[in-house]
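Each chain gets a letter, A, B, C and D, in the order it is written, and its residues are counted from 1.
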Amino acid sequence: MGSFPGHALPGSFFLFWGLWWGMKSSLWHLTRRNKSTGSTRLPSRAAQRRLEIIESSAIVFCSTVGILVEQFAANGPKLQLYDVSENHWKDLMNWQHSTMYLLFGLAGAVSLIVHTTAAAPLPLDRLMLCVAFFNEGFLFLYHLHGRAMLDVMVHQLLLYAIFGQALIAFLEVFHRGNVILELMRSALTILQGSWFWQIGFVLYPPRGPQWDLKDHSNVMFVVMCFSWHLMFALLFTGLVYSIVSCVVRVRLKRTPPMEMGLLAKPRERDPESEDEAF
Amino acid sequence: MGSFPGHALPGSFFLFWGLWWGMKSSLWHLTRRNKSTGSTRLPSRAAQRRLEIIESSAIVFCSTVGILVEQFAANGPKLQLYDVSENHWKDLMNWQHSTMYLLFGLAGAVSLIVHTTAAAPLPLDRLMLCVAFFNEGFLFLYHLHGRAMLDVMVHQLLLYAIFGQALIAFLEVFHRGNVILELMRSALTILQGSWFWQIGFVLYPPRGPQWDLKDHSNVMFVVMCFSWHLMFALLFTGLVYSIVSCVVRVRLKRTPPMEMGLLAKPRERDPESEDEAF
Amino acid sequence: MGSFPGHALPGSFFLFWGLWWGMKSSLWHLTRRNKSTGSTRLPSRAAQRRLEIIESSAIVFCSTVGILVEQFAANGPKLQLYDVSENHWKDLMNWQHSTMYLLFGLAGAVSLIVHTTAAAPLPLDRLMLCVAFFNEGFLFLYHLHGRAMLDVMVHQLLLYAIFGQALIAFLEVFHRGNVILELMRSALTILQGSWFWQIGFVLYPPRGPQWDLKDHSNVMFVVMCFSWHLMFALLFTGLVYSIVSCVVRVRLKRTPPMEMGLLAKPRERDPESEDEAF
Amino acid sequence: MGSFPGHALPGSFFLFWGLWWGMKSSLWHLTRRNKSTGSTRLPSRAAQRRLEIIESSAIVFCSTVGILVEQFAANGPKLQLYDVSENHWKDLMNWQHSTMYLLFGLAGAVSLIVHTTAAAPLPLDRLMLCVAFFNEGFLFLYHLHGRAMLDVMVHQLLLYAIFGQALIAFLEVFHRGNVILELMRSALTILQGSWFWQIGFVLYPPRGPQWDLKDHSNVMFVVMCFSWHLMFALLFTGLVYSIVSCVVRVRLKRTPPMEMGLLAKPRERDPESEDEAF
């Protein structure tokens, strides 16, 4: 899928999930913080659980769509792995992308099992997310053989976001419900999404001249550009948190904010907040 | 042992141990979870201890067999390290494999001491396992000098599984009894086992044509194939957990499952479950 | 800014901040330790909060100054990124430095929000500091293409200090208020500052002969010199801690030191002291 | 100091310290474990403190001796850093070794301050040990430019032990008094010491023929040999622990061992034992 839409599609997926996770994490964190005050106005545990189930189903759905697009789009391999007549592998690129989607689908399915039944241990959903991100980064790492300098670089930068997500998800296995980690994961997902769009614009500019893939100053610009995307992702996550915070405050209006702040103190300062425990 | 059976043998060993560890971890976890209900129907602490002793003995036995095979098989060095007449090292490959088995044997022996006497600190068995896996990866790392591209790659991929196991075992020193880590270790062991088989099929195909060891598209396929093995290992571990879970449930049938779920809640949510403490 | 002042300026900034953090950490640690005794003589929580706000504002101010200097100094890009007429990027070096300052400014702004309002989770200030340091190291990492050996080396050594700071700041997200980590961060900041000065003296000696940038023995000296800077930074941080300790002791004179020592014991031994909790 | 004694001397130092730390850690661990029973027969806290002071003084002494030998031995630089007449650095190798000793001396001095006064936070001694080991590894890392393959390899293998020690010492800052980590540090110190001796025998064989420094099979042997040293170090540490254990048991003979075992259970199983807390 070496094309502009081939990068814009996963980019949009990740932007959406980053936004979603940012909203969810902020909402749960603020709900926990204000539990003692008007908890009747905030989503209940049952609602939280329902949301998790919807989220997991959506991840499974997106992954299935991704796999089908990769396999059956115009020049896809159509589930055929080896071309016996011509004696070579068929469209390995598409197969690799399918594999990435497959592991995200598996992570979604495991999350679904974890949240619908009491059979599996709870942190398993984060572990599978970690494995899915690690697998994505792992495949990208061996993906870049023999490409032009700038092409290699933009994909290498992507790896920072991907392995960062894997690391954060792994830490969440041990520090579940830590809002700092959840917001960081959200920000890195947004970073990955926006960087996919950037890759599309750099390698396949929809209009305007092509970039010189061998010019070192382009590499230097691209590195700096990644920093800007990181900053944008952090600011955007902060914005999402603020908006959710305002919405929660409005719903709690009847409790005087002064008192709420005092009540919330001992909880919010806790660096390792406990699990969502629904 | 550059041959198909030379890879199938350790592969089978690791597949067996992965399966065993998956079963054991699942059983202990579910036993702890349901301790409050019919604990008389579940294995007691003495039984757990006996099992650990049997396991350690079996590891020592397997390692000894491995060393003997490496040393005294057809073209082994027969415990001779340096050939003085011809002035070169004898069969360093076999010696390296023997060293790997030796450290696993040591890990088994330490585990035996830890579980039979009260002399040594308990987490020592995991530390020795960590050292044994690290040592295996370390030797493989310096093992690959001057081989063909695909040969190097399949062994490098193996290192992900091996160093992953070492890392997980090291984390278990501090988070002992965490079921997530134990299942992950089980899955990585299965991954290592199945990948050994895959290496055998790639480098020494028992029938059919040889693989082209210098073709880059073969490397790309092999990388993706490793992802599939990872997924298979995770699914297989999940299957083992489910089967053990069903068996435990059947043995606890007299306690109504509804109530059991409620009782289990506060325990199962604990991300860092306490030690086995037998 | 490839010049002596261009390295001395950030060097001075970092030396100042290292000194400041060392003083602050020592003071808060000793205040917490002696809380039970004459706490009326030590800074109150409100004073602590005020200090944090002043610090954050100063960081924002310094970053703004840094950006303005980089952009509007003699040969700066004056906020112009791409020179359309000549078809190349304008002064990418200055833009990269501006980006580094920008993320430090963002970290300061977030810290300001965290300490003035109760809206954001407390550990966010350390996470943003971690991101700012990581971003600085990340940009330096891709900054060194095609330079002379010694030039590359002195900047690579800088990365040890920078990534070390990022790591310590990340650990502080989870172990907030741990005086060991805070003093280490202070020492690494001093190291970074003094090393910036050293880079200035090596690459742009204000007087005396130029260094031979390709001589390997110069590289060996520079590596050892970095060790000496590290030692100097550690000793200096220790000195700061001792002086603050003496000052606190003088202010607490009325409590007999003997008794104070006894009271302090159980607290001071605590490896993970609790948060500042003002 | 490229000579056999130049490697045997630090080797002996590290062997001694590894043995010492192994004995000390075992003794303190077993003392804590048996605290409830005849504690009058075991070393008191005051004795522990005195021992720490003696140890720190000895480290300072050894480092001073090391520096003096490096500086004033036959062909040392005699504290002269730059030879102005010939315009080159003087004996940088000796200066680098002096720097290594210097930071160990500093670690000893800090440990002395930590254990004689109540001024500094306790975990500082481990942090300084971590810095000293890190510094040693760091200097070795940039020490190997332009040497023969086997020479580079034997020093690279040394880095595994050194950075391993730095990592363990850093973990001890957070998990102080964990016997597993302390024994591991002891084992890695013994490994470093015995490997120094091995380097001496490989590079400067006191008798017999020279090794071929470019033969790949020698590299393969050396890698395996490092595994054997690791195993020897682990076994030796285990032996030390057993002997100390026997001595403690003999001194506690009047308490029936059966009962002692029962009393010790709840303590010994604790993976993160508390601080020495004297």
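The rule we apply is simple: contacts are C-beta pairs under 8 Å (C-beta built on N, C-alpha and C of every residue); 3 or more make two chains touch, one makes a residue touch a chain.
Since this is a predicted model, take the numbers as computed values, not measurements.
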- Query: At the interface of subunit A with subunit C, does the proportion of residue numbers present on both copies reach over half, so same, or stay under half, so different?
  - Reply: different
- Most remote chain relative to subunit A, going by C-alpha centroids? D
- Length of the line joining the C-alpha centres of subunit B and subunit C, rounded to whole Å: 44
- Using mean CA coordinates as chain centres, what's the subunit A-subunit B distance in Å? 31
- Can you list the residues of subunit D that touch 2 or more other chains? none
- Message: Tell me the shape of the graph of touching chains, choosing from line, ring, star, complete and other.
- Response: ring
- Message: Which pairs of chains touch each other in this structure?
- Response: A-B, A-C, B-D, C-D
- subunit B partner, complex, touching residues on subunit D are 29, 160, 175, 179-180, 184, 216-221, 223-224, 226-228, 230-231, 234-235, 238, 241-242, 245, 261, 264-265, 268-269, 271-272
- Task: Could you pull out which subunit B residues touch subunit D in their complex?
- Result: 88-89, 92, 95-96, 99, 102-103, 106, 110, 118-124, 127-128, 131, 135, 138-139, 142-143, 145-146, 173-174, 176, 275, 277
